[in-house]
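Since the structure comes first, as structure tokens, the remarks are kept for the end.
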């Protein structure tokens, strides 16, 4: 790390900082510049050292040089991690399309959708049973009943299922009923939840929070990995910006950046990112061209009647057409669907 | 609510929308414009109706006219809510200064700080025992031991305490040990946690999430109130923006807006907002001038040695000076400290 | 437009608003709701009427229903506009790759680059002669000398050139030396400049400002079109957000949205968007998959020695490889390069 | 400056970077860490050196240690700059209230307003004659006629006037008619305009752009100062964020930060920041408490009839009441109005 002392720092303050850093067993290399003194520090950038030093008098800023995450980093794990989800590989050459409704609304709705997903070539079924909603007056999901319908759809179609966990007390239930546990954007920094998922060892999809930097997402993944669970899929789903035409701003550079910084698979949720159905096919194509390993798309047999996120759900026809186009695109970039 | 049909909507689509809205028992008033048809709807703006309609074909946008929150709204509760926290009134004429370290680090540290807070005229002691940190390698707090030190400090000084809850499974522990349960910014939309706090009836301080709109904060409060708990203090603590000079951007217009939109008390956390100690006194003054009912300030007996948030902690001397200036300011605007 | 009266509005205030709106020759349709009165207005949404009404007492908000831009809108001009730039068609099936250095640095540099652009299959040469830079201490460009080198490169290779105009007093010079006048992101709302370009009738590329909404960009285009110049290429180049890993956040949903909202061609500048060379190939691919009509890419014969934007310039080999991949992608989506 | 080499950098790349830096006459101090090499550089942080190095192979990042602006910095000019505007001192103990309509609409309107500003204790009259508006269909101002009405109002009341310049070709006209030339937020990085103002030596008020960092604002001021004009007032007027309740987000930490980083006076425009009249008094109070040297407030004799920005204009009564409260507040912080 680099410690920049302020222009007004006294020799005593500089000395105190040097002694303190050395007390952690680290080497210091002070550089006395014309206006400011800068201290280079050799040794592991321990987060706690950075934090301990941060409040010292006379310090203008501390610049960490090493990345604050370890296990999620490609530097420590150069090969792509490929995750096995009940026989489906995620993070390899094959692109994984996960599709389904925002919320499981009824047995019939989820069964119909599952059949369509399978027919169109999707490989995983999504559907929310416990729905975190901005308003307490919105539909909150069917709960355990929803999990059971998902399990039934899985049994019939053979598609693994992904659904969102919001309460750490439900972890066992989710390990039983679902193939991938989804952590929603609002819970990306719910560290209690992340720790439970880490301990479970179950495959998890971790969505980026709407005001989370790329680095914050990797640190959140680190909470899971630290407990011994490497089965993590990262998911870009849009960030909060001033633009109001779309629900969030889909940040596709994050996909390319995450693929460089980390070995974990990266997928995109175009539905929540833009929130407008007629932009979703274009954003799905762009996501794959940007290097994503998969998509998480909302579809609904009848968007007119959806209890949740109707405006951003694709109908079956649009989804089927999109799958055709994605297949051509995948071939052009040397992958397949 | 107002439903705007797109320019391409067919008469059949318009008709279908009208019929569906009327099926909820609401009156419709279609206005056939030169280019577009707009439908005015009379009756309560039920969130679920808005959501059900949202996916209908031919609809360009739905504009709710009534506010989506009810119990948090000043429209339904015109007088200020004044919350009683173990004898301290929050939300009345008196401004409440809550101060203490980011994290409880030791028995001595929290006892010393508590004495200083009391001496300087603060009325509530803050201190984190369970710390949610962006990195899993940062100090995570002393846990239950920290709660006990806080309780001891309260016993000695008589100051009520506030500390952050992160796990719904700890709700009973917190009701026992703390006077105000703090919900951190990362957990503002942890609805499982909000529901538990609502059921407990315990006073709570709800921090605005870094990418949450003013309306989202009020809807999060609504999750707590809906369970029968009106003892809520709202807290502005900065939002995520492109500016990097400060940790977050303190949004003081939100304070003035919240005081108009809601009857709940509003306080400001200048420490986490700006993250730079030498801007905090000015932002504390500005917060009170903007109409805040209190402050939540980080102070530390020795910021050089803080295990957490050292750079944004005020030392005792700076805090004492700030209290003098706040007292003069409060008098000038007809309040007191 | 829709006028929402506040809950406290008096009958007199409602009456005054109705009378005022009718004085503009517009029809009013008041809807008296349970809590609030809403007034539907039929007739053209004249911006000035909206603005005049905006300050009236008792009004809570005014919601325009029609789009505030006209000539830039696809509603008034359903077919794609294809612009002829010295024989190159932009906005049709063929994707236009514009490439070159951030700044013209020397005769040799721009000539070498132009030859490479041509060889690799690019169709337009970019290069800045007048450089607006955040710091006055940065390289400001070669000025008129740079324009002359560009003209020489055009003569030799036959590639049309694009370069940025910053001073309205230079409009004639630019019409003489350049094929497309570029309006930089910082000048998107320099209405004096836009008006001059409008009057000149010269093809122009208009970059989105870093804090400009999609609608603001279309309104800026409207300033040019209003003067009679329809030869406008819109350009997405990233917006300001909290993410610091990339220079700006590339907003590819804006590309898809602009293609729906407007008939004008849309291109992407991946270089300024992300500002990191190794993310640019992926973002170029994603831009084309999102529906862009072209790219504006920074390349440099020797990025190590660039006087400007070296870190985001592609070297010739990377650019040539990218062109191969773009060609395959274009074919997969039914276009060509 | 500090140069961080990437983990993959070869010894040859490191050597090349060292040689190049030394070729500028700067001293290098390489620190060979466990994973990465970091190079400390002693000597002035010349912007052009930083930029030249930026594209070198093997460099991960370059971290400037010295501030990129010089003349605007308090480091080079520790005392506050107090600007004399036709006898009014700005930047001293006295707080300057500048008030008036968004746009000059008529002779009568501006004369009435000027009288009120004077009577209420304001010291400078504001009013736009050339209005940059997002839409070309909005009222664009009276132009030179507006300047003449302002001059007449100045003559009658003795109040100096401030008005916005948008076209570099009008600089002489503005030096003749106005006491302070305003640079609007959209033109903060219109470097052609800044250079002309710099050369004129005329007092100027420079508004922060909606996506400009604090540092960008100081670099824009540097463009003016570099030409020999130190008569600059900085103005915070809100930044673009995801919050939609207010027009922009007023960033009051920027006021405190600018007062620390620079010697130039800092004022706040609460009207454009929040865009909602009933939040403006609170934000005016907060601005002064944050340390601002003045305010730029929109007032209108009849906001109901304003041609521009009616919703954010204060009526005379509200403004007069606000002045009373500001006077008390100023006294409490040791300043006066």
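Lettered A, B, C and D in written order, each chain numbered from 1.
Criterion: a contact is a pair of C-beta atoms (placed from the backbone, for glycine too) under 8 Å apart; a residue touches a chain by one contact, two chains touch by 3 or more.
Please read all numbers here as calculations on a predicted model, not as lab measurements.
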- Message: Quick check on the contact graph: shortest path length from subunit B to subunit D, in steps?
- Response: 1
- Max Cα-centre separation from subunit C goes to chain B
- Message: Report the inter-centroid distance (CA atoms only) between subunit B and subunit C in whole Å.
- Response: 39
- Query: Between subunit A and subunit B, what's the gap in Å when you average each chain's C-alpha atoms?
  - Reply: 26
- Centre-to-centre distance between subunit C and subunit A (centres being mean Cα positions), rounded to whole Å: 31
- Message: Multi-chain contacts only, two chains or more: what residues does subunit B have there?
- Response: 211, 239-242, 244
- Given the complex with subunit C, which residues does subunit A contribute to the contact? 211, 213-215, 239, 241-246, 249-257, 260, 273-274, 278-279, 282-283, 285-291, 325, 328-329, 331-333
- Note on the structure: Residue set of subunit D touching subunit A in the complex reads 2, 4, 7, 29, 31-36, 38, 40, 42-44, 63, 65-66, 75, 240-242, 244
- Query: In their shared complex, at which residues does subunit C touch subunit D?
  - Reply: 46-48, 51-52, 54-57, 68-69, 132-139, 166-169, 186-187, 189-192, 209-211, 216, 219, 222-223, 226, 239-240, 300, 303-311, 313
